[in-house]
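Shared between the two complexes below is subunit A, which has subunit B as its partner in the first and subunit C in the second.
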Partner chain A sequence: MSERLLLAKFGHEDDLLASCKELRRHDYKIVDAFTPYAVHGLDRAMGLEPSRLTWVCFLCGMIGAIGMLIFEYWVGAISWPVDVGGKPWNSLPSNVPVAFETAVLLAGFGSVFALFGVSRLYPGKAVRPEFDRVTDDRFILVLAETDARFDPAEVKHLLRPFNLLELEERVVSAGGVPS
Partner chain B sequence: MKSRDHALALVSSRLGWLAIASAIVLAVGGTMAPDRIWSNLLIVGVYAVTLALGGALFIALTYVANASWNVAFRRVPEAMAVVLAPAGVGLLAVLAARCQQYAWHPQNGEADAGTFWFKELWTNPTFWMIRAVAYIAIWLLLSRMLVAASRRQDHSQGLGFTLFNRRLSAIFLLVYAPTFALASCDWLMLLDPMWFSTIFGVYNFAGMVEATLAIMIILSIILRRRGPLRGIFTDDHLHDLGKLLLGFSCFWMYIWFSQYMLIWYTNMPEETAYYLLRTGGPWGPLMIANVALNWIIPFFTLLPRPWKRNESIMLKIAVIVLLGRWLDLYIMVFPATVGTTPMVGIWEAAGGGLAVGLFGWLFFRAFTKVPAVPSGDPLLAESLHYHC
Partner chain C sequence: MANTMTQRVPTSSSVPNPDALATLRPPLIAGDKQPADVTHDICAPFERGPTALWWVAFAVSFTTLVIGAIAVTYQIATGIGTWGLNRTVGWAFDITNFVFWVGIGHAGTLISAVLFLFRQKWRTSVNRSAEAMTLFAVMCAGLFPIIHMGRPWLAFWMMPYPNTRGPLWVNFKSPLLWDVFAISTYLLISAVFWYVGLVPDLATIRDRSPAGWRRRLASIFSLGWNGSARTWHRYETVYMLLAGLATPLVFSVHTIVSMDFATAVIPGWHTTIFPPYFVAGAIFSGLAMVLTLMLIARKVMQLEDYITLRHVEAMCKLMLSMGCIVGLAYGTEFFVAAYSGNPYEQFVFLNRAGGPFRWAYWTMVTCNVIIPQLLWLRGVRRNIALVFAISIVVNIGMWFERFVIIVTSLHRDFLPSSWADYSPTIIEVATLLGSFGLFFSCFLLFCRFIPVIAMAEVKGVLKSPHHAHEHESVKGDAA
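Up next is the complex of A and B:
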């Protein structure tokens, strides 16, 4: 399955932001935006929903902390009790540092790998589509030509006031652009 | 414009009356329960001084970091720093009036005979008082210079004052770190002269910054609701202050636990005495409440992004943190000075009222004297359009 994409290229972040809002006002669906750096307010202009990654991070952290506390209790009080300075087997304070470290570790790993998974980033993945100068000074908006109603000419007309540099149509195989 | 000033004047006068009423209650109590009144006044003094000093610290940190986001509401920490003068004088008066409350004072006999010679020297009452004056004088000088340069910038253009303040801020931070660590040991740790904790200065620093951020959140929200900062202090600023509060709340917990765990682990009598007194009996629940107010509640409530941008939720969290800061100081002071049973009553309420009323009244007085926005700062435009 392949997809027809329309790439609108700009030279300035303000043009990108303004055209995002203009296109969304006319019910065009924006697939993605590529910029050389993080543009403030782009998530809102594109109408992206709040990230769910925070929940992954929180849950992984909780699993790390509680899981490690249970494990330490099992090791120290049930499986292999060792007398350290006459402290009780189930001494909570001595378990906290490791539980804290595990929470941080799992929260970090969890969020990074969840991000990779959601955006389908894996080693050796081909870069598709390729964009020129998008890591340098170009701001690119990606639109999907999903139905017959989609009119490139109208898009061009809509975007002209925003210093549109170039409009390009591309056909890519599915999964080429992270969505 | 008129109604704005009126709205602020109303808040200010109410706080002033609260301070006067609390002061009267405390004066009456001075004859009935002098130890408790003195301990309360010590807490009020340390509370107000650290909040004011925290304002100066926040300004210095942001200058050194070349930050622009805070410029729009920088007059808030500046006005807090101005309160350092009356708060510092008040604390010095409290320290001078009841110096003998400290167990090491010669009037309390030779209880400390045989300790390390340096500690005997360090707890000489005259030297101790001179140090207290010196700390406050140095903080006052540097913080007033920071505020004065920022105010003079209103009538000028260019980077001159910004660069001056950046250099001054670096000096402030270098001076602040050792003097504040020593001051917190002098005023609070020496209440138990035989007990010591090498992390005590850092612990107080964590509590101070946490409370400073909380009061800045409250004052900025009040000023936004009542006018002067409407449209200037944005949700993005609030969001960032919330992030900092979350961070420093965790930092406080980290340092609290670092102090507790090492003493618990090594289990040496001269160190554990402090915690035995403060975790046993009725103090135990207060210790847990301290951790809950300063970390557990702020941590879980400050995690969601929408909550950090919500005015009324942030207001409540900030109040909880400020209550936690008071409880933190209460647990440091009262077991050593008043006795083994925690007592919270009218005197403590009056102490809290005095801290809130006096600090708030002095803050609004300082804030309304100068323009609400540092209009001469080159970074102001960036701050007004800040997006986080």
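Up next is the complex of A and C:
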């Protein structure tokens, strides 16, 4: 199965944002957008849900903190209790700093690796789809030509006020969404 | 291409009533740049061959690094009896250098994480190199405790791992062990933060480099980045999370470093003011180092349009405020000693200001408190040569601060019969020089191979006032 995609290219983020809103108003399905930098407000314009990676971060941090507290308790009070200056073996305050550091470490690495996993980023991955100058100064909006009603001419007409640079059709095989 | 940009017709989406103040503020990036200009300007220095000046700087740094490496090899082979330490002054040069370098790193995280959370947009021009500075400074810092062990090949004993000695675990109640965890977490999180910020720029390098080793390396490390808005959306979330994690982390690191001292019962160390005092001092010294490096980089790599006087001024103001906090801490220490009624505490502080190390103490006060007051003057903050000189002075002053805290508190302890003097040996000085060599060698290599300015972030703040977006004026453009 193959899917037809329409690529609209712009030279400025304002044009991308405005056309994104305009197209969504006309019920067009926006597959994705490709930009050289994080365009603020594009997530809302595209209707993207807030990322759930914050939960990964929270979970990893909790595992780090609680795991380390338990480990420190086990080391200091059970496995080999050592009397240091008469301090209690299971002293909670003295266990907090290391538990905090471990929480930060796991939360940080957890969220970054989750980002790489969810976004399928890995070393040596081929760039798909490839667009000219998208990491430089081009802004590209990708539309799915989902049904027979889809009319590229109308899209062109809709986007004309937004300094559209180029409109290109691509046929993507199997899977559809460029990844 | 820049022409098509300037001829662009503003669309109906442009905010009808743009932020009136935005037009009054000078733009963050001078020279009316377009995104393509940013790519070109930032990539140009490392796409050209290295300049003669770079080679000279690298040769000097690398030679210093080699001198340091020889000194370290000698002291490890012979033993740390090659240092000027004695039974009274058991910590001196080495730990001074450790605290100095950890402190340097803190400004990098302040700029990359704390200012990110406060939406200070000017950070985008300096955050990449400030983070690199953090990384290299923490690397240098980590070397000193490892050298201090005398048997650095046993450094892994600091980690809790099952072993055949019991297993005998590390002591989780000791601040020295907290330090191990704090510094290594700090190094790892800083590295990850730096790398995550680098991925989109590596993709830019990949896409503009001709086939060759640069393109191959960039495509491996850019992880197939394609600029998808969905990825950017998650990326922004993770970047925010990392900034949120790095902020308490950076405060915890120097807090824990200060506890190495504050939990000891040495008068002059045993004070509750240490954590905030150390954190402010760390950021102060780090900002001075950022300024030193930035002012050189902007000149040598022709980045005057990106690191403008506005950036320099902002950093000067931050440095001044940190310097005032540090000055307040110096005063508070004396007040608390006088007010405590503890004769040992009072003696230590009188000895600091009037004893055999008074030259170090007054160097510290002059460099950290008196000279930075010049930064109140706008004319001084906008004078690059003066700012550069002040940044060097603060670097020196902050090194002396750590020396003063460590050595003057130790050298005259409770028993006058055990009072001792301390002076560093040539080996210790060579080790300090070597750490500067390592730091500058790493930084110069970074300037050669990696974009020193975060292109993807700078492009995002290029917008001139008439492009300002509604939601940004609502939030209040703090920059």
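We adopt the following convention: the second predicted complex is superposed on the first by the 168 of 179 C-alpha atoms of A that agree within 3 Å, B and C clash if a C-alpha of one lies under 4 Å from a C-alpha of the other, contacts with A are read in each partner's own complex, and residues count from 1 in each chain.
The working rule: a contact is a pair of C-beta atoms (placed from the backbone, for glycine too) under 8 Å apart; a residue touches a chain by one contact, two chains touch by 3 or more.
Quick caveat: nothing in here was measured; it's all calculated off a predicted structure.
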item	value
Clash-or-fit label for the pair subunit B, subunit C on subunit A	clash
Subunit B versus subunit C as contact partner of A:Pro97, first or second or both or neither	both
If touched residues of subunit A are counted for subunit B and for subunit C, the larger one	C
Which of subunit B and subunit C A:Ala126 touches, first, second, both or neither	second
Partner chain in contact with A:Tyr37 - subunit B first, subunit C second, else both or neither	second
Touched partner set for A:Lys29, first subunit B, second subunit C, both or neither	neither
Which of subunit B and subunit C A:His12 touches, first, second, both or neither	second
Partner chain(s) touched by A:Thr54 [first = subunit B, second = subunit C, both, neither]	both
Touched partner set for A:Lys156, first subunit B, second subunit C, both or neither	neither
Overlapping segment of subunit B (options 75-83, 93-101 or 111-119) - the one that collides with subunit C in the superposed model	111-119
Interface residues of subunit A shared between complexes with subunit B and subunit C	40-41, 50, 54, 94, 97
Subunit A partner contacts - residues on subunit B that touch it in the complex	257, 260-261, 264-265, 267, 303-305, 387
Interface residues, subunit A side, partner subunit C - complex	11-15, 17-18, 21, 32-43, 46, 48, 50-51, 53-54, 57, 61, 71-72, 75-76, 79-80, 82, 84, 87, 91, 94-95, 97-98, 100-102, 104-105, 107-109, 111-112, 114-116, 118-131, 133-137, 161-163, 165, 178
Touching residues (chain side subunit C, partner subunit A) in the complex	1, 4-5, 8-14, 34-36, 39, 160, 166-175, 177-178, 181-182, 185, 188-189, 192-193, 196, 199-200, 203-204, 206-208, 219-221, 223-238, 241-242, 245-246, 248-249, 252, 256, 455-457, 459-460, 463, 467, 469, 471-472
Interfacial residue positions of subunit A with respect to subunit B in the complex	40-41, 50, 54, 58, 85, 93-94, 96-97
